[in-house]
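Given below, in the form of C-alpha cells, are the structures.
You will see chain A twice below: alongside chain B first, and alongside chain C after that.
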Partner chain A sequence: MQVNKFKVSCTINGAGYEEEIAPDLLLIDFLRGLGFLSIKQGCDTTNCGLCTVWVDDRPVLSCAVPAARIHGKAVTTLEGVREKAEAFAGFMAEQGADQCGFCSPGLVMNILAMEKELDNPSPEEIRAYLAGNLCRCTGYASQMRAIEAYLAARPYCKPRGGDQ
Partner chain B sequence: MFELKEFCAVQSLEQADRLLHSDRKNVILGGMLWMRMGTRQFHTGIDLSQLGLDRIKDTGDHIEIGAMTCLRQVETSPVLEENFGTIFKDAVSGIVGVQFRNLATLGGSVFSRFSFSDVSTALLVLGTRVRLYRGGDMPLSDFLETSPGRDILVSLSIPKQTIDTVYLSHRKSATDVPVLGAALARTPQGWHIALGARPSRARLAPKAAGLLPRVPDPEQVEAACAAVQEELGFGSNPRGSEAYRRHLAGVLIKRGVRAICR
Partner chain C sequence: MKYVNKGVPKLDAMALVTGRPVYTDDIAPDNCLVVKVLRSPHAFAKITDIDTDAAKGLPGVACVLTYKDVPEHRFTMAGQSFPEPSPYDRLILDRLVRYAGDPVAVVAARTAREADRALKAVKVSYEVLEPVLDPENALDHPSVIHPEDDYHVNFDIGNDAKRNLCSSGEFSFGDVDAAFARSDVVVDRTYRTKANNQAMMETFRTFSYMDHNGRLTLVSATQIPFHVRRIAARALGIPKQKIRVIKPRIGGGFGAKQTVVSELFPALVTLKTGKPAKMVFTRRESFTGSTSRHAMRIRVRLGADQAGNLQAIHVDTLSNTGAYGEHGPTTVGLSGHKSMPLYNKAKALKFTYNVVYTNTMSAGAFRGYGATQGCFAMESAMDELAGELGMDPLALRLKNLVAQGEIMPGYYGEKLNACTLDQCICRGKELVGWDDTYPFQKISDTRVRAVGAAITMQGSGIAGIDTASVEIRLQDDGFYTLMIGAADMGTGCDTILAQMAAEVLCCDMDRIIVSQVDTDHSPYDTGSYASSTTFVTGTSVVKAGKALIRKITREAAKKLGLPPEDLEFDGTSVFAGTKESGQRIAVTDLARELAVGKGACLSASATHSSPVSPPPFMAGFAEIELDLETGKVFVLNYVGVVDCGTPINPNLARVQTEGGIVQGIGMALFEDITYNASGKMMNASFMQYKIPSRLDIGNIQVAFESSYEPSGPFGAKSIGEVVINTPAPAIANAIANACGVRLRQLPMTAEDVFMGGCND
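After this line comes the complex of A and B, so read on.
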C-alpha cells in the first residue's frame, strides 16, 4: 500500500523535533527511532503500561498513540525526568522493588504522573492509579513500600532546577 | 496492527463527513485502543482531536459530553459527579489503567457499541441521547440497537435531574472487562435498570424497573430481579456462562437497590 508521509512537529523533553513519518507510525516506534530507548514494548495490547510516556503532561500508552497525533504537543519520556527518576530509583533499590527492571521506566513515568495529579494518595489510591502497570517479578509489595517511602520523603526528592 | 495510507486531522465536522463518505476505506479515529489490535488496511484515518469535542459542558438543563472526551476526564469530572454521583467514576475506574483511560474516548466506546462497555451501561440509566452528524439526535437506548454505520458521533447529552445512581460490575480480575455490569438509577418518576456485558450489548430493563416503588421491600426487589432475568437475554462466553450471568444479574441488582436506598 502506497502511503503519504505526514510531517509532525512536536517537542520531546523540551527540545523541538520536526520529522516526516508514516501515517500509521506509533508513538513508541517514533520515540525509540529517535533514540529514546527508555520506552519498552511489553504486551503490545495496551495492557501492561511499559510504554508509558507523557503527552502534554498526561500519562499515555505510547503503543496506542499514532505519532501523527502528537503534532503540536509536548512529549516527555523517562530521559526528560532523569533527576526525579533517579531519586525514586534509590527508594526502589532500598526496598528490592526492581528485579528484571523491564517494567521500571513505565512504572516510574506513571508514579511521577500520579505525584503531580494526586495530593497525598492513600495506598488504595496508589494501587488504583498504578493498576495499568504490570510487573511479573516483584508481586507489587516491594514496589508499594518504595512508593510510600518516596512519597513520604517528597520534600527531599524535589528536583533542584533543570528538570521537567 | 492496522495500516493507514494517510492521516488527516480535520478542521471541521463537514470535512470529516466529506472524507468519511468519499471512500469506504476511510475511517474515523477514536481512542484507537481497540482498532490498533486489528490488521485492516485503511486509506485515510480521520482524526477529530482538533475539533474541541473533548469537553464536558453544563448547558443549563443538560450536561453535554463531546465524543472525543476521554474516559479519564469522565472519571474525574466534578461536573459529572455533582450531577450524577459517582456512577461514571465507578463505571470506568476498573478499565485497565490511567494511561489507557487517558486515551480511550467516550465516543469510541459508544459508537462501536462494544458489548462489554461499562460506560454505555451507565449512560443508559441516565436518559442519555446521542447526537450524530447525519443521523441527528436519538436516545442512546435506540442507538445501541442499531448496527454501526458510516456516521460521526458528535456528542452525548444527559438531562440534569434529581437522581440517585449506582454502577456495579463483576470482574474475574481487576482491570479486565466485566463478566456483567449493572447500572441503576432512581428518579422521582421511577427506577431505571440497565445490564451490560450479558455478554451482548447493554440494554435497559423497563419492565423490571417498573416493579420497584421508591423504597422497595425485599419481596419487591426479588420480583424485580426475577423480572430482569426474564426480560433480558443472557449468553455464555469464556468469562461466564448464561446461568452464571443470570444469577449475577440478581445479585448486582439487589446490591444496587440496597446502595441507593441506604
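After this line comes the complex of A and C, so read on.
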C-alpha cells in the first residue's frame, strides 16, 4: 500500500532538518527516529509527561503532536539543554531523587520551562505546574526538595518569603 | 565510616537526569524486527481455527507465529529459584486462552506499521467458554481453567488444578481453639484487597539477536537476568548455555519485572528468523498482558482477654492468582507469616489459605508480595479489636508487640535479633502529633482531621534460597571492578553495593566500577526481589572485599619478603610496622606489577545465602482530612518511621520510604484493576487507572530508628518493600477515627466513605 509522505522542515536543538514523513507520524516517534533518545514514552494517553519537549520554547507532549505540526517551528529536546540539565541533575543526585530515571527527561524539560515562565514559584505553583509529570519511584517529595534547592540556588533568585 | 550510612549520590544520577540513552529501547539496533502480539478478546476460549496466510503475505512481514509454532514445554514465568513453587502452567502461545489479553499470535515485521497491519490480518475463530471471574466461586467451578494433562508442579504446594486450586496450605502453633475459647473478646472480620498494577514508568521491553557463536542474546528490562536465562531455555526448548541475558538501566520494576513478560516473544522471533527483534509493550499492554498484585480476601480472627493480651490469631486468605500461577503459592504465605509475627505475644496462631485460578490476568509479584495485603487486614483488625476493648490502638499494639531476642513461631521459628519497632511507634506518634489529634479534631462543620496508625514487617531476602555471588577484581591501575548479578532497577543498589565495597577496601568510591549485569560475565545472583539486594548481595560484597584484601596482602608479602600476617592494608598501600617508617608497597604499584607478569592478577569471589531473613519494621501514621459532605479523604501528612537496621545510604533509604508510602496511598485510595462482566479489563491506561500525582500527596515525613542486624552487612536489613505496607490500614483506621466508618475493602473511595462502608 502506498503511504503518502510529505516534507517537514524544522529546527531541532538549533540545527536545521528537512525530513519526509508519513502524515500520521507523531512527534515523539519522529524525534526518537532521528536519534533524540532522551525522549521517553510512558503511556498511550497523554497522561504521564515523560515525552515532554519544547516547540517554540513551550513545553508540549510529543506523543500528542503530529510531527507535521512542527513544520517551520523550533523543537528543543533535553539533548539541546544539556548544560542546564546537568546543573539541575546535581540537585537531584544530592537528594537521591533520581531513582529509575525514566521520568527524568520529561520532568527536566518541564522544570526548565517552568523556570522561564514563573518567577520564584511557591511549592503549590511548582506542584501545579508539574502535575502532569508522573513518577512511580520517588513519591515526589525528593523531587520537590531538589527543585526548590535548585531554584533557590540560582544567582538571580530573590529569597522567597514565608517558606522556611 | 566513610561511605556506609552516608547519602552518597547514585552513580548513574548524571546519566539518568540528563537523558542519556541507557535503557533497553535506546540501545536496540535499528535493524530489529518489530514484534507485536495479538491477544485474546475473550476471557476463556479455545482457538478452533487460526489463519495466518493473509498476514504472512503482507509486505515487510517476517513471521507470524501461533500455538503450532512453539515448543510444548509448560513453564512458569515467575522469576523464582529452581525448582519454582509456581506451577508449570503456561506455553508461550496456547490453544486455550485463559484471560482477555492472553497471547494468541506473534507477528514480526520491518516496521511497526507493517506489524500492526499483519496483526489485523490474522483471522482467529474461538469457541468461547464460560469464564470464571469471581475468585469466591472459582473452587470446583464447572469451568476448569487448567484441564491440560501436562500441567506440572515441582513439589507439593497443595495444588489441585482440576478444582481451579493453584495452592493451599495450613499452619498452626499452639492450641488455637482453646485460646479462642478462653478469650474475653473475639473479633472476626473479613477484608478485601484488589489487584493493582505496578505501573513502573518504563513498560516491558526486550530485544534479541543471535551472536557470532550462534547464541541467543536477550537484552531486557528485568530484575532477574539469571532466572530469565533458565526460564527462556525451558520455554524455547534450547540449552541454557545457548542464551545470554543482559540487563541495561531499567525504568522501574516494583516486582513486575520479577516475571518473564516481554522476553519470550522477540526471542522466539529471533530463533525462527535469525534476525534481531524487539518488543516494546504499550502502556495498555503493560496493564493487560503482564501480572498484577494478587487480590485477596482475608479473614482475621483475634482473641484477647479484657486487658488486651492477645490469646489467638487466625488468618484465612483466599488469593486470586488469575489465569496462571505466577507467584501464587508464595505471595499468599506472606499474608499470614508477615502479619501474625508482629504480635508475638499471642499464645496460639493459625493460618489457612487457598489460592485459586480465575480467568483474569495472572497475578504476580508487586512490592510487598502478599505482606501488603496481610498488613491491611491485620492492622485494620487490631484497631477493630482495640475498639471492642475500649483501648488505645497503639497501647494494644505495644502490649502484644514482638521484641528483640524472641523466637517467632509465626515467622518460620526465626529468632529476632534486631528490632526497634517499639521506638518506631513512639517516635511516629510524636512526629504525627497523635496525642493532639487522636481520634479526630473537628476543623469545621463539614471537615474533620483524624489520625490512624499501622505497623508492619517484611523480610530481607528469601532464607536459604536467595543466593548472591560477587567478584571483585583488582585492575591494573589499582582500581576495582565490582561484578554483581543483582539488578539495579532504579533503587540504587549499584551505588549501595559500591559504597560497601569502598568501605571494605578503604578506597574512594570512584575507584569502584560497578559492572552491568550480563549472564555471560556476572557472577550468579538470584536477582533483585524479596528485599534481598542490600542484605544478601551486600554480604557477598563484604565477604569478597575481605577476601581480596587477603589476596592483595599475600601478593604484597611476596614482594616485600615478609610474612603476610605482619602486614596491614589501609586501602592505598600494604605495609609493615607503621606506615611512615616500615616497609610498604602501594596498591597501585602492586597492581601495575601484577599486570606485567610479576605475579597473579587478583580477584576474589564470594557467595552468600542467608539461613535467616531478618525482618525490617515500620510504623506508619496517616493524618487525614475528611470532607463529611463528600466522603473525600486527603492524606495531609504521612509519617513513616523505619527500622531497616543500618541504612547504608540514608538518602536512598528515605526516597525508598517516600516512594513506597505514596505507592501505598495509591493502593489505599485510588488503584483498582476492574473487569467487566465478560472479563475484559476496564481501566488499562493512566487515564482510567489512577496512580498518585504530585497533587494527591500531602506532606511525607520519614525517620529511622536504626537497629543493628548482626547477620547483615554493616548491620543492615532491607528497605525496599516494607515501606509500601502501612498506608492502606493506617488510612482505613484514620477514616474510622474520623467518622466511624470502617472500610474493609480497598480502594477506599469517597463514595465508600460517604455511603458508610456498606461494602461488607
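Operating definition for what follows: the second predicted complex is superposed on the first by the 153 of 164 C-alpha atoms of A that agree within 3 Å, B and C clash if a C-alpha of one lies under 4 Å from a C-alpha of the other, contacts with A are read in each partner's own complex, and residues count from 1 in each chain.
FYI, a contact is a pair of C-beta atoms (placed from the backbone, for glycine too) under 8 Å apart; a residue touches a chain by one contact, two chains touch by 3 or more.
Keep in mind that this is a model prediction, so the values were computed, not measured.
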After lining up the shared chain so the two structures overlap, which partner does A:Leu31 touch, if you call chain B first and chain C second: first, second, both or neither?
-> neither
Have a look at where A:Thr45 lands relative to chain B and chain C in the superposition and call it first, second, both or neither.
-> both
Spot which of chain B and chain C makes contact with more residues of chain A, would you?
-> C
Taking the superposition as given, does A:Gly96 touch the first partner, chain B, the second, chain C, both, or neither?
-> second
Touching A:His71 in the superposition: chain B (first), chain C (second), both, neither?
-> first
Considering only touches as defined above, state whether A:Pro59 meets chain B (first), chain C (second), both or neither.
-> first
With the two structures laid over each other on chain A, which partner does A:Ala87 touch: chain B (first), chain C (second), both, or neither?
-> neither
Given the touch rule stated above, what does A:Ala128 touch, chain B (first), chain C (second), both, or neither?
-> both
Chain A residues contacted in one complex by chain B, in the other by chain C = 1, 3, 22, 45, 47, 128, 130-133
Chain B partner contacts - residues on chain A that touch it in the complex = 1-4, 6, 22-24, 26, 45-47, 49, 52, 58-61, 63-66, 68-69, 71, 110, 113-114, 128-133
List of chain A residues in touch with chain C within their complex = 1, 3, 22, 37-40, 42-45, 47-48, 50, 77-79, 82, 85-86, 88-89, 92-105, 108, 127-128, 130-144
Quick one: which bits of chain B touch chain A in the complex? Just the residue numbers, please.
-> 1-7, 9, 29, 31-33, 36-37, 41, 45, 47, 49, 72, 93, 96-100, 102-103, 174-175
Going by the contact rule at the top, pick out the chain C residues touching chain A in the complex.
-> 7, 9-10, 12-21, 23, 26, 59, 113, 198-203, 249-254, 282-284, 489-492, 649, 651-652, 654-655, 658-663, 685-687, 691-695, 697, 700
